[in-house]
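Here come two complexes built around chain A, the first alongside chain B, the second alongside chain C.
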Partner chain A sequence: MKLQITAFGIAKDILGTARLQIELPEAATVAHLKEALERQFPQLAELKSLAVAVNQEYAPENQPLASSDEIVLIPPVSGG
Partner chain B sequence: MIDIQLLDRPLSPLTCTEYVYSPDAGGIVTFTGTVRNHTADRSVRHLEFESYEPMAIKEMRKIAETILRRWPARKVSFHHRLGTLGIGDLAVVIAVSCPHRREAFEACQYAIDTLKQTVPIWKKEVFEDGEVWVAAHP
Partner chain C sequence: MNTEEKSSWTRYGRQMAIPEFGREGQEKLSRGSALVVGAGGLGSPLLYYLAAAGLGRLGIVDGDRVEASNLHRQILYQSADVGRLKAEVAAERLRALNPELEVDAYPFHLNSRNALDILAPYEVVADGSDNFPTRYLVNDACLLSGKPDVYGAVFRFEGQLSVFNGLDATGRRGPNYRDLHPEPPAAGTVPNCAEAGVLGVLPGIIGSMQAAEVIKLITGIGTPLIGRLFLLDASDFRSHSIRLPRRQGTSVSRLIDYERWCGIRGIPSKPPAEARQWAAAADAQWLDGRQPSERAETSLASAHIPLGELTTRVSELDPDRPLLVFCRSGQRSAAAVQQLLDEHDFREVYNLEGGLLAWKRAGFPLQESAC
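Take a look at the complex of A and B:
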């Protein structure tokens, strides 16, 4: 399945783009997505944390993904 | 009861404070976070804030709803600035009203501490000689 990924902050800089399409097997999870991205972009693994939001909520590692999901990479937040 | 805003224009602590005024609340605490002129001896030229806006609004609302459940708070106003900010500009304003001061201080501190952990807003510090996404690396 094709997933559309959006990135913010330093994750956007590491990907070199705010939007990326990635191909993963059906029923891939958040953990699978992170593994695939960290293989392609090793600098992601050097961050203090990397969360994934699915449909505007923080998603656990075992959550399955679908091509219709809104998927966003959340590097360490630093508001305030 | 809850006023959440992400703004690309200057924030007003007075606006937030007036929003939370309530005749049965004797304590209003308003926290203002401003842009500091240095980080670890490096001079900051300006900051750039960006946000995943729909989720940031949702996470800020969760914080405000938790405050209304956990403390006897009457109202919460929670404004965050986005875009380019100079030294001394206001980055965040949080106002909470409660019947008594102690719970208003506690609730306001909970709001700013939790914002820094959960709300998808990112800050880039731009120095004379480079730039850094704050808190990105261990």
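Take a look at the complex of A and C:
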């Protein structure tokens, strides 16, 4: 399935874009998505606690994804 | 209406005119208090609006001084303030804006030793800091003291906002920063405002939103952003309001060394035997940072700059040559190592762990080093 991802903060830099499409097997979970992204963009792994929101809700690693989901990557931000 | 009420109406009438707010809201504000950590980009509008709104007591924690590069976003400060302590300038401006306000300036950094005492007198804490160790410190201190942490953070055209550890409608504490990011990012992977840049108005927007949340918490009006994270990208005005649950196992029992935990400021140091070997191999310079009065006893052959004079005399050292710094017990020299690395761009500096006391205990001679 094709997933649409929106990235914020430094994740936008690492992905090189604010909106990215990624192809994953059916029934993939948030953990699978993170693994796939980290393989393609190893710097993402260094963020350690990259949060993922699915349909405006913070998503645990084991949450299954569907192609209609709105996925947002939320990296830590420190600026003030 | 008595005289006091009349003057209150004159000043705050426009917000007292809001039906839900009224005289009661104003009275709650005047009895309320908030501590703002960081008087920078977020802290500026946050403090300014809280003072203007008639909050009773405001605390300002910030150990930094105003720099010219702050002025495009830190609107509490003016060009002539460059070099002055932010907490002191901010307190001055806020008192001038609203003489009824009680202002406490803490012109130093919040740390694990002082945080709980500094937080104690305030009802609400707002985090306008600019680094991860302080954000985790503020979060944990709020958890330990049972206070809400009104969180804001900015990056270029983006901002984040939430109320952590707030009491929700069922009387339970909402999620906190550790529920969002259980672990800090590896040091250096997320750039700050200085490295990544920030549009000046962004902290203006987010800091003002933080002020609104503080006012809501204190007056009990509306629904604060508890259990939700608001994300804004001002470049296309996309926003998200993400529901954030509490995780299991994010409880905190004490404050820790947050800089170390975030992988920053592990002060480079070597115990005597290792230091001795390293210094010989690296052809290092040695620096004795003790006071002249302490040197009468014994010393290693070395350069000698009492650490209090380090800033003005740093040119006596070669920043490109490895350096070993020592004092009596290794404490003052540890701070000096940090200063040399952070502020003076020394390439390689180590602290003699345990200082001369440990050196002597290890049985090493006192005349062997070369400067």
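Please note the rule applied: the second predicted complex is superposed on the first by the 75 of 80 C-alpha atoms of A that agree within 3 Å, B and C clash if a C-alpha of one lies under 4 Å from a C-alpha of the other, contacts with A are read in each partner's own complex, and residues count from 1 in each chain.
Just so it is clear, a residue touches a chain if its C-beta (ideal position, glycine included) is under 8 Å from a C-beta of that chain, and two chains touch if they have at least 3 such contacts.
No experiment lies behind these values; they were computed from the predicted model shown.
Shared-chain residue A:77: touches chain B and chain C both. Once the two complexes are laid over each other on the shared chain, residue contacts for A:36 go to neither chain B nor chain C. By the touch criterion defined above, A:24 reaches neither chain B nor chain C. Of the two partner chains, chain B and chain C are each touched by A:48. In the superposed pair of complexes, A:10 makes contact with chain B and with chain C alike. The intersection of chain A residues touching chain B with those touching chain C, taken from the two complexes, comprises 6, 8-10, 46-48, 53, 56-58, 72, 74-80. Against chain B, the residues of chain A that register as touching in their complex are 6, 8-10, 13, 46-48, 53, 56-58, 72, 74-80.
Partner chain A is touched in their complex by these residues of chain B: 33, 49-52, 54-56, 58, 80, 91-92, 112, 115-124, 133-138.
The part of chain A that touches chain C in the complex is made up of residues 6, 8-10, 18, 43, 46-49, 51, 53, 56-58, 72, 74-80.
Touching chain A in their complex are the following residues of chain C: 38, 40-43, 127-132, 135, 152-155, 158, 160, 179-186, 189-193, 196, 198, 203, 229, 231, 233, 238, 240-245.
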